[in-house]
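These notes open a run of structures that come right after.
What follows is a pair of complexes built around chain A, which joins chain B in one and chain C in the other.
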Partner chain A sequence: MNKDQTLKSKKTNLNSNLLGLFIFMVAVFIVMGLIKPQTYFSAANFQSMCFQFPEIGILAIGVMLPMITGGIDLSMVGISNLSAIVAALFMIHVIPEGASEGTQVVMVITAFALAIVVGIACGFFNGLIVTKFGTPPMIVTLGGQYLFMGIAIILTEGKPQLGFPEFFQELGNGTIGGAIPIPLVFFIIVAVITYYILQKTPYGLKLYLIGANQKASRYSGLKVDSLLRKTYGAAGLMSAIAGFILIARTNQANADYGTSYTLQSIMIAVLGGTNPNGGAGTVSGVVMAVLTMQFISTGINTMGLSNVNFLRQLVWGVALIAVMAINYFSAARKAKKALQST
Partner chain B sequence: MEKSKWKRLTEKNEFYLFFTVVALIVIISVINPAFATVSSVIDILRAGIELAIFAIGMFMIIVLGGIDVSCASIGMFAMFTTTKIFYEAGYTGPLFPFYLVAALFGLMWGLANGVIITSLKIPPMIATLATNGIMTGLLLFFIGSREISDVPHAIRVENKNFLLTVTNEYGISSSLPATFLVLVGIVVVVYLLMRFTMLGRNIYAVGGDETSAARAGINVKFTKIFTYAFAGIIFGIGGMVHTIMMANSNPVDLTGNEMITIAAVVIGGARLTGGHGSIFGTLLGVFLVTIINNSLILIGIPSFWQRFVTGLVIVVGASISAYQALRTQKQMNIEIAG
Partner chain C sequence: MPDVFLRVNNIYKSFAGVKALRNVNMTLNYGEARCLVGENGCGKSTLIKVISGVYKPDSGTIELNGKTYEKLEPMESIENGIQVIYQDFSVFPNLTVAENIAMNTLRAEKAKLVNWKTIRRTAQEALDRIGVKMDLETNIEKLSVADRQLIAICRSLLNDVKLIIMDEPTTALTKKEVNSLLNIIRNLKKDGISTIFVSHKLDEVMEVSDTVTIMRNGEVVADGEVKDFDMSKFVYYMTGREVTTEKFVPTYEDQSELLRVENLSAKGGFKDISFTLNKGDVFGITGLLGSGRSELAQTLFGYYRATAGNIYINGVKTEIKNITDAMDEHIGYVPEDRLTQGLFLSQPIKINLLASVLDVYTKKMQLMDKEGQQEAVDKQVHDLAIKTPDVDNLVSTLSGGNQQRVVLGKWLATLPQILILNCPTVGVDIGSKEEIHNIIKKLANAGMGIIIISDDVPEVMNTCNKVAVMKKGRLINTYTHDEVTEEQLSSELS
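Right after this comes the complex of A and B.
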């Protein structure tokens, strides 16, 4: 097999995985809809779904980046909360009482910028420790989760932060033209930019190379350390965006909000075809996984049983193992075929 | 090149960790003499029992080169299901069956983890993430989500069963519960297993280099399944200990504990890449985490600093050992090249 063919077969392989994911998503959508069609297939339901998934979706896209390089980020929720707290403290203490609408907008934008700077700094810190000391990413970001959440607790003394400008709450609860939720817009922007960076820029290609074989990419002259630092920084950036939307939606900032999101976002990334050992992962896959999750959640909720939230975790766990099993067996079958054809 | 005993000692993480812990104890005692008393030692031991049990199970898995983020869920599943079974049956007998049934539930989930990881070749973190969801889902949806505070008689009796009680000058008494013996038992068994049996050495070998271990004739698959299953038993017992010490079984009590468990083991010098680690180090790691969580307040550091300090210890501790490994490797490269 020559090189062109290998590349081609890799690409069709990827497309067939995405196609599988797409069929799975549509199937879940229909099955969940059949539980209670009148409630499920309504505009109001679709809108509420679009308010719910952007935060976890952005976190999942964020955690995918270090996973493509063969690392992981367990500190995303910690970064989210810390940057959200910094933005919240700024808005609460700096915006003067009765400020004009214009000042409010400027202040909220400044708070957003502040959150982003904090997020990137935290992510960069993770990357720095990983590259300077060779500490495994899992443990660096586990410690990072404690550190960042710890700083947030120290800043707030563990109290929730309230009292944002009204305009700000619109960002989390408002819609554009009465139909498109603003958080969804954030999600789409993040997804599109990440897609572009991964598929169309040299940086994206290098990221996959590092994940496929770090040693080889080092020897072939890639600046692996600097690339890794940027990647963790990017994950931090996305955490900050997710955190910002979160406080806009809930109208308060907490140091320890959403700790279960950490493992959930990793689960979504893996379901979306991200290889936890590095080298593979696509935005479209993760987006489909996020939507699938949301369909399952909403569908289960329409059942109206008590404790139904717990059932969701069960379904997700089973889905994760099922996807990994399908991947494993299809890879094994392909390897067998390849062996026979030579 | 023959290395002196001293040099070999100073290369060990446990060595530095030990002095860190001692230094911390000295500093806290100097600032607040109330810390250097028998009763506060007992308090720390008591507070560390549960974490220590979970950490020892996790230690075995990390030495194997794996990870288990479902450990807390295994513990919760085992303790709550066991308590519920005996509670509904109106059981009034002795305590031992509780431990036995909890250990069996732990074994069941540990086996599931091991089999899934080895047969589907899923990275341990992802596999246990999935089983974690399955376990909590099954537990909270099908078995129950409301805590049982009216626990069976045997648990209430054991809750009040103390090995020794010390009353300090202020009239506050500290007691060492009998569950401490469970910890001691687990420590002894795992120490003997890891140190003196073929199986234990195989766990280190598989964690060090799986391919070499397989070529040396070690049954890698069996070793892995055994380790997850054995650790599962320990987690199950750990969960039961929690219920006994609380005299209450709440199916969401241990949520999130998996992270601090992993952290304690890593602080104790075990490497996430596998093959390295000792029980002594793990216990020191647990001790350090427990002191941070319970005693910082004694020297005037407000309690909301706990999380930050824990994070600092994790990052610094893990980075020191990783950096040492990096340096040794570089040195080896030079020696080979030279």
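Right after this comes the complex of A and C.
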């Protein structure tokens, strides 16, 4: 093979995967739209989609971070619920009856800060165990999931927590200018900041290096343990944000809410090109993956079938396997080409 | 039985326009040991893959046991008794010695149930055949590289082998282990089993080989009996030019003390190590695997912590508790195992060169300074003459010698005052090796203090002005390079 060609194929490797995902996303969008075009291609439908995906989207971006380092976080939903419950308990018990709007805003911001602190602390705890004892992240965070859920159950005695200020519910259900859902704004902020951190800062690049070769990272002088603790802390932070939006939208906090989100967020991260073995993963990929999943799920909802939940999961599963198969075959083809050129 | 086991006739093979093999001929008799040498990318591996049926030649034929094949299938190659032992030996680290040896036979018999007695008996017979004693129940992961290799050999013996092809068999072995391997080969020769060595380390394989084939750029440039070749002739054929080696004499003006180590010890690693490294010195520490040489290097780099003793840098007592401390003192370390400790194979060359200086090239808001990074990368690529069309290519696309330069460049970018190199030219071909040695000498002459850890005695003799021998965790002797000969060092080693 001539040198320029090999060069090109290597450089565009990553971009071609993202391009493939983009085409897949557009195709899904169109196919799903054709089921019931009038309902699907309406402003109301787009708005409702934008209310639905931010929570899972933030979780998927969150889980991508430890996955880039070659780890994983199975405790994100546990952290979401625990931090949301701490915020909920604060709002329910501290905000006085009939408080002014100003007080409400301050209290909600305090509650948000509290949730963030709890989220980061939980994530940091995961990171500490992973780095101190060298336990596989899968085991540590699986344990973490049960630990955080357990604490949440003790705090709430297993009962749902209700009764938040009006203003708070706006964060989950309100819009900016009657068009842009507030949860979407949270998602965009998280996505943009994560994008910048991963692409533009040394910290971001170091995450990829740890995932590519942890031993070489140590030998290159990277402070691997501290970087990993920060990364699990960041995943905890995103869990807290997702949890906060969730209780604002549903107006209640539960110790065991959204347990199916754990695996869904990992599925979306992988679909978005995150390598479960570490070293690869992009925000743009995960954003496209979460949109793809949302298009599928909305499309199926427009069919108006009764067993919609099962069908949705089935189609999601097929989509994931299809993308993996496509990636596998294109990688195999590239490998074959590379072999022949050695 | 005919004398000739294998004959390769006029083989041509090209990949997408690049000619990897051009009119290659080779003959191998029963019981013959042939050494196949050449620099990286000369076509050695392609030829081996043609013989083992992995690649189909574009034209030409392969004769095995008198039968001519135009397209040899891998299974046909194995059925004819050809076994290739690759560098990674393809052993199963989680299984025992017995299981590893008997694995293939077990599979060939299509046994549905495992008979442990048979497995142990088969394995024992194979070990006896090469005269090696080993506990059958040990897990392979606990064994040394040399033992793993023996197991790979045992396994191939069970398949009624006629020809063993060994890819870089001595790379990771100590002198003693190499000798016992060569003895085994001699015994196999008596049984009429042929061997092809693919190797860089000429002196070792020359001892046991009868014949040699030297390749360059896909062609056979020399073929004959080993006794007709000497070292310089080998090097000439391999590289196409004369490689000269001169002893290193430091020329840096200010030869003041840079690093002084006093009675340094680390439990289980080494004891009472003392030496001094001046500016402009290249200090060689030579010792066998397990002599504590790597532990010493890694302790100076902060990977391990010393349990006793003192380190002085520029005359100031310094504690090195971790790698960050070492880097603060501008100590760099090029690790022994390039692939697992030195490189990020799935990442571009550029990122590999920048890995240790990511925090150096930053702008406000913690953002990366891409221009500064690019300058640093360009400087290393230029200074070290790293051969690549584009630094955004993956580092895995480079040859061994160029990969080693990338690891070196990663550390040079940190502007070290002390650079520790652990086996810097393992798996690097002769031409590249000489160039890396020249780079090291140049760095020393610019004032850097360099420590080379190596069991390659000629390398230590050629590049260092001071040499120490390490044995069982202690530095037993320290010489300047004109006080000692290669032979003397070699004998002190083993």
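For the reader, a short list of remarks on this structure follows.
In the analysis below, the second predicted complex is superposed on the first by the 331 of 342 C-alpha atoms of A that agree within 3 Å, B and C clash if a C-alpha of one lies under 4 Å from a C-alpha of the other, contacts with A are read in each partner's own complex, and residues count from 1 in each chain.
Heads up, the rule we're going with is that contacts are C-beta pairs under 8 Å (C-beta built on N, C-alpha and C of every residue); 3 or more make two chains touch, one makes a residue touch a chain.
Given the structure is predicted, the values throughout are model-derived calculations rather than measurements.
Contacts of A:119 after superposition: neither chain B nor chain C is touched. When both complexes are overlaid on chain A, the residue A:158 reaches chain B alone and has no touch with chain C. A count of residues in chain A touched by chain B and by chain C gives the higher number to B. Residue contacts after overlaying the shared chain place A:270 against chain B, while chain C stays out of touching range.
Of the two partner chains placed by superposition, only chain C is touched by A:212; chain B is not. Using the contact criterion defined above for the overlaid structures, shared-chain residue A:223 touches chain C, although it does not reach chain B.
Contacts of A:200 after superposition on the shared chain: chain C is touched, whereas chain B is not. The touching residues of chain B, when paired with chain A in their complex, are 67, 69, 116, 120-123, 125-127, 129-141, 145, 256, 259, 262-263, 266, 271-273, 302, 304-315, 318-320, 322-323, 325-326.
The residues of chain A lying in touch with chain C in their complex are 1-4, 6-7, 10-11, 200-203, 205-206, 208-209, 212-213, 215-223, 279-280, 340-342.
Considering their complex, residues 72, 74, 129, 133-136, 138-140, 142-151, 153-154, 157-158, 259, 263, 266-267, 270, 276-277, 307-308, 310-318, 320-321, 324-325, 328 of chain A touch chain B. Per the touch definition, chain C reaches chain A in the complex via residues 15-18, 45-46, 303, 323-324, 326-327, 333, 335, 340-347, 351, 354-356, 358-359, 362, 366-368, 389-390, 392-394, 397, 410, 414.
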